[in-house]
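Chains: A, B, C, D, E, F, G and H, in written order; residue numbering restarts at 1 for each.
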Amino acid sequence: DYAKVDTDRQHRTGYPEVIYGEGKTPDQIIGIIQTMVSAEMNVLVTRVSPEKAAAVMAVFPLMVYHKNAQILTWQSVNVTRLTNTIAIVTAGTSDLRVAEEAALTAEAFGNSVSRVYDVGVAGIHRLFARLDVIRQAQVVIVIAGMEGALASVIGGLVDKPVIAVPTSVGYGANFGGLSALLTMLNSCASGITVVNIDNGFGAGYSASQINHLTENTK
Amino acid sequence: DYAKVDTDRQHRTGYPEVIYGEGKTPDQIIGIIQTMVSAEMNVLVTRVSPEKAAAVMAVFPLMVYHKNAQILTWQSVNVTRLTNTIAIVTAGTSDLRVAEEAALTAEAFGNSVSRVYDVGVAGIHRLFARLDVIRQAQVVIVIAGMEGALASVIGGLVDKPVIAVPTSVGYGANFGGLSALLTMLNSCASGITVVNIDNGFGAGYSASQINHLTENTK
Amino acid sequence: DYAKVDTDRQHRTGYPEVIYGEGKTPDQIIGIIQTMVSAEMNVLVTRVSPEKAAAVMAVFPLMVYHKNAQILTWQSVNVTRLTNTIAIVTAGTSDLRVAEEAALTAEAFGNSVSRVYDVGVAGIHRLFARLDVIRQAQVVIVIAGMEGALASVIGGLVDKPVIAVPTSVGYGANFGGLSALLTMLNSCASGITVVNIDNGFGAGYSASQINHLTENTK
Amino acid sequence: DYAKVDTDRQHRTGYPEVIYGEGKTPDQIIGIIQTMVSAEMNVLVTRVSPEKAAAVMAVFPLMVYHKNAQILTWQSVNVTRLTNTIAIVTAGTSDLRVAEEAALTAEAFGNSVSRVYDVGVAGIHRLFARLDVIRQAQVVIVIAGMEGALASVIGGLVDKPVIAVPTSVGYGANFGGLSALLTMLNSCASGITVVNIDNGFGAGYSASQINHLTENTK
Amino acid sequence: DYAKVDTDRQHRTGYPEVIYGEGKTPDQIIGIIQTMVSAEMNVLVTRVSPEKAAAVMAVFPLMVYHKNAQILTWQSVNVTRLTNTIAIVTAGTSDLRVAEEAALTAEAFGNSVSRVYDVGVAGIHRLFARLDVIRQAQVVIVIAGMEGALASVIGGLVDKPVIAVPTSVGYGANFGGLSALLTMLNSCASGITVVNIDNGFGAGYSASQINHLTENTK
Amino acid sequence: DYAKVDTDRQHRTGYPEVIYGEGKTPDQIIGIIQTMVSAEMNVLVTRVSPEKAAAVMAVFPLMVYHKNAQILTWQSVNVTRLTNTIAIVTAGTSDLRVAEEAALTAEAFGNSVSRVYDVGVAGIHRLFARLDVIRQAQVVIVIAGMEGALASVIGGLVDKPVIAVPTSVGYGANFGGLSALLTMLNSCASGITVVNIDNGFGAGYSASQINHLTENTK
Amino acid sequence: DYAKVDTDRQHRTGYPEVIYGEGKTPDQIIGIIQTMVSAEMNVLVTRVSPEKAAAVMAVFPLMVYHKNAQILTWQSVNVTRLTNTIAIVTAGTSDLRVAEEAALTAEAFGNSVSRVYDVGVAGIHRLFARLDVIRQAQVVIVIAGMEGALASVIGGLVDKPVIAVPTSVGYGANFGGLSALLTMLNSCASGITVVNIDNGFGAGYSASQINHLTENTK
Amino acid sequence: DYAKVDTDRQHRTGYPEVIYGEGKTPDQIIGIIQTMVSAEMNVLVTRVSPEKAAAVMAVFPLMVYHKNAQILTWQSVNVTRLTNTIAIVTAGTSDLRVAEEAALTAEAFGNSVSRVYDVGVAGIHRLFARLDVIRQAQVVIVIAGMEGALASVIGGLVDKPVIAVPTSVGYGANFGGLSALLTMLNSCASGITVVNIDNGFGAGYSASQINHLTENTK
């Protein structure tokens, strides 16, 4: 009775509940998965360390652990796949975990994802070289740490909704991601909305909602 | 030469440049409007005090000043109107200016808007009484000050993208809107993205981008 | 002489001193317990890690260690039990330690506790399903991390005092619990007072004081 | 339609809605009062400047403006008066407005109030001289700015619930009341809960809820 | 004796003392100017409001007031003019005061300045259109408010030292310029150093020092 | 009954109560003065604007208003004068009000004061030129805004207690005096203690306590 | 050449340099000690972990390690002992390390210390029971974490200089000691100066300077 | 495809890309080095722990690991050496890592460096003893933690550009380097620009750009 799984959520919001793995014991995670599996729901657990993942997979050996994203998945029910894509763009190599968390979340909900990584503004020609791919997407997720300037630059170059994810990459006056967060909230480019620091899941989820609207297929 | 109007923006991002009125003199605003009018663009100026508006309208008497929203508009070019709607929901009466800034921005770009005002969680039955209207929209903008809890509650009740706007309404430990901003960024409900404190314009703009995707009519 | 146990506190405030375990060595804790035991007082030690608990219980084998709450207790003197109850409500599974710290504190002082866990606003129907239990209590403790919106929602639904406990559950812009703290301090619902981040003890203590007033039995 | 008065609140929470005057125009306040008066509710408006009060009283000449508290009241329905009292204690002279806001709120809901003002810890004998009055109350509201130490001292001396109100009185590193707020949240005395900076209303409201529990007369 | 003019500074640091006008009375400013004039120094006063300027010019009618920059100057001694230039680039129109403060400071110390204004990243083609001018300079000053992304973009495009000036332009989560300040300090582009929020003077001064090094003419 | 003057303070702490003028009405100040005058105490009121001073002096025409310090005094009882001095050193001209508040406070309690103003580290030779005066004092008060470096430099040069007063002089990232406050708290020089931002009164008071210890004449 | 020992400091400030052990390797500490020993100076090293202490004592076996204070000392030169005392008062048991750091520093410089520990305001009678000891001292050091109210209470009860040391004891909204720091800076009691969080050394050093002034024996 | 090495950077900005080692796996670092080596670029990796360095050097045994600076280098292409020098000055011994990061970066780009370490303002004569060396440089890098006052003092004594690097050395209210950062941004001395906390690399890089301008040899 420590957890009341929200099995009605899919009906209410169009998506099943996603398990937030941090701060939960393996036993608690296993208990929640059991309830969801009985209710014939697909399972997605975010922020799972390799050790925790191993403990859960000892009970559910069919689950897949995505190490880069620190995500556990179990897809038992088929998901309709969309044609329209979501572009996920990162500024640096160190933003990888957050980017893959966003990508796997979006894919779990039936979206196709274009990955455009390590094109930060310190070498802006790298971004222009990939602009066509970015422009083909219906929604763009921009992920950046340090000063997070990439979100503004892309916001000024595309005509689709941009979801910006600040990351905690950096040191000193980045104050654990505050720097990139403030950058993105204050962007001089229009059409940018923001999620929490390192919240790849939230960006993938919102982008999926928007992408589904474009095909009316949810 | 203090301003380089971005006349190419409509082509690049699908929307013309919107003028940020704060911190500009009436003369600077007038100069920018002149350039836009010559380029046959619609004009939208945000954050214009009544005094500044009067000074600008002395030169452009056809402009309309929306006092609640503190916005100046001039629509010379026709805008295609969408069928799908955007819902704009506020927690309290004091969030009005920000809500109207969002509403007028969305309307200026061809969207229909459902206004659902003063339904904050202190009296949650007021929200449930209007839930059907909110659920008919393709995108929901939630505007709240103080603790901003309304965004999470709505996020848990709808299956459409929610754009949350924290406002600076409140006092003491709301620290000029920081309280509502953090609430919205840390929402336990999924599918919420956030814009800057009091940024009704940004929310209206992003919501419009999403709404256009649902009709492919941009 | 590193500690002056406040053996007079029960007389002065109606309750014995409770030992704050964090930052004390097992030896210091043992010394304080010895003084209290000699004075025939019940003992309650909060924020005790399993290791520290083991070291203390090696000396006092009759003490009970409550792992979920990280609390050590020794009840040698009988405590009158009240009829009226305190409801303890949490938003998520991860708020468990703080909730149990509040519950055990309240129970140690003679209160009955109704536990209503994992009913956060992301799935608000879970809360409504338990509202009757919550409304039967004389005082309600609401415990939530991330954005802490649950306190406002409950504050708008009950006519009894609500004590809100922000927790440090979350990441990024939750800034170690600051987000939930500000939410609760700025609540638009009336009748909510707040204690420190993760301070289950303080909430249990204050709720007990109020509950005792309802029976005039302290 | 800028305001949906919560006329059901009295039924739901035991108290009518209280109008938050700041950030509302006189016209908005007048409109809300009209709805409440039609529903035969008592009216309490907080944070009303003298100018705003004059504008409202031009329409409702029977209302009373309490200048020290910056509150407007209109009591048309009789309120049962309790025997048990609430003590309101301030550290300094400058905390007066907040203290009177708390006192008038509590009185409007039927409570008797003992005022003990200007007994801050810089001259602690002043506090001891009034301790008997404070100890006769069922609930104690402590109001202090600057460093807010008074709450801890009283918390250690009484066996009743203490509600602490930090005020913005002070300068420099008090950061608009943050200093007193943190003091009160981190109090080493047990039994203290806290409301927002300068929130006399919230303290009066919560204290009234508790006081009513002691007489079961709400 | 409220002021000890540092008449030796020119000898020690290569430049005369510059007067910081804010927080000084006109009388204090006049007194300091008198001392400098007697010592045959050029005079530069920053952050002077029009009213203060008028009061000072009533005594020294030969001084020049630069309204856009809020600067007062009096050049009695000739200054050698350099050939190499400093580029001053702004993101928006509202950064004008700070930009002109930098420009006039640099010019007062003998530098030539190229002004490139309103080329923020929301319309990045405006920047590329002026990149040649920027690249001809020996030092580049980048001035931007809101999210301040322009500094990073330019830092990635030029091979000369970049001095970044965050401005307080913006609202909400820009926290008086903190947002742009953190952006610039955390830039992923190399070769960027930063001065205080709105400190056009400091940027102009440092840029001048560097520019003089390129001609060994100080 | 809004104020309980602490007439016993002189006996308890060696000094009479000093009235904090900010946030008090002239009437409240007048009332407190009346009580003190009846008790034959000297009167010192800090942070009094010229307007407030005029209102008070209309009732007490013998009081003296010190405009630079924004202090009102009335010395009816003789104060023994010490031989040992307190040095008050400021970094800039704009620190004058705070410095004079410290100086007048110290003088009111019988101390002799050496004023050494405008010797900030930007021109450190100005400081060395006055070092002998500073070294003759028993206590040194250092007052500085902006980055407040002067306190550390003096702390490394004298063998007497240094009391540092950060001021709010500056702009941008000085955050209302936070910058100088942190500097002084983190000083790498030993023997420095700190008071609140702009708290000249507190520094003068503490310095006086120390100086009296050197003569055992309190 | 990583360290330039300030062997002249004793002459300049009356005290030898004290080594700050944190962030230095044992080798660096040993090197500095060697220089000081050659110059016939007493050695005091603060913030030394037991491991680091062991490594240093392997080279200098005559040094003494004070575990509670985390201090290493070596007294080769005799120090004149004062008659007048310094009182060191703590609020709780957890403030011990900081208190002993202050005490040993003061004793190393020839002062006598009265230790009054664990007398926090939650049980204020404990403080009154020791007030006579505190009042016999020439200077009082007050050390407290959490909300730090003890400093204000003592400041209102003694007529000697009080040096307040905030500690990082606590959790949640104590923000690593910020809470106690702000309390002490904003104290409504006069005569309190403040040092950095956990800076027992600084308090002991400043108190020693003051105590020496009372005997003119430095 | 996690990394797009910016091989064009040397052409665009005059310098090759420098690898930021923190948050990258050894495999990622090795991959990037391989690309750079193929492109015949010199390699510089910052913020590399000894363990990570060992893993990389297992693949590239010719690389050199500089332990004090936590930097890995591989210089295959010759770099022209300049005659003009950069002075690097530190306040304390604990600033060593940051200082060496700056020094090695500058040297890698062909500059000569004068190291002047441990001359903080607590013993200012140590600074004056080395002032001639500092004044011979074309650019001065000042590195300091705690309160960072050294930057202002040097800024007032030299006529060359000063680049200030705040470090995270200290504790308590230094808030991870915030204290020194604010000091340097608010310096009352002119000619100081600032980089991120602990960013020795950035300071070395910018200083190198400036020094190259003095010889026109880049």
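To be clear about the criterion, a contact is a pair of C-beta atoms (placed from the backbone, for glycine too) under 8 Å apart; a residue touches a chain by one contact, two chains touch by 3 or more.
Keep in mind that this is a model prediction, so the values were computed, not measured.
Where touching is counted per the definition, the chains common to subunit D and subunit H are F, G.
Same interface as B-C, judged by over half of the contact pairs sharing residue numbers, among the pairs E-H, F-H or G-H: F-H. Chain pairs E-H and G-H differ in how many C-beta pairs they share in contact, with the greater number at E-H.
Between the Cα centres of subunit A and subunit C there is a gap of 35 Å.
If you average the CA atoms of subunit A and of subunit G, the two centres end up 50 Å from each other.
Once the centre of each chain is set as its mean CA position, subunit B and subunit G turn out to be 56 Å apart.
The set of subunit A residues that touch two or more partner chains comprises 12, 92, 122-123, 156-157, 172-174, 178, 181, 185-186, 190, 196-197. Of all possible chain pairings, those that touch are A-B, A-C, A-E, A-H, B-C, B-D, B-E, C-D, C-G, D-F, D-G, E-F, E-H, F-G, F-H, G-H.
Residues of subunit A that touch subunit C in their complex: 1-4, 6, 8-9, 12, 17, 20, 22-24, 28, 32, 166, 168, 176-178, 181, 196-199.
On the side of subunit H, the complex with subunit F involves touching residues 91-92, 120-124, 146-149, 152-153, 155-157, 170, 172-175, 178-180, 182-190. Those residues of subunit G lying in contact with subunit F across their complex are 12-15, 18, 138, 156-161, 163, 181, 185-186, 190-197, 201-203, 205-206, 209-210, 213-214, 216, 218. Of all residues in subunit H, only 92-94, 96, 115, 117-119, 122-123, 125-126, 169, 171-174 touch subunit G in the complex they form.
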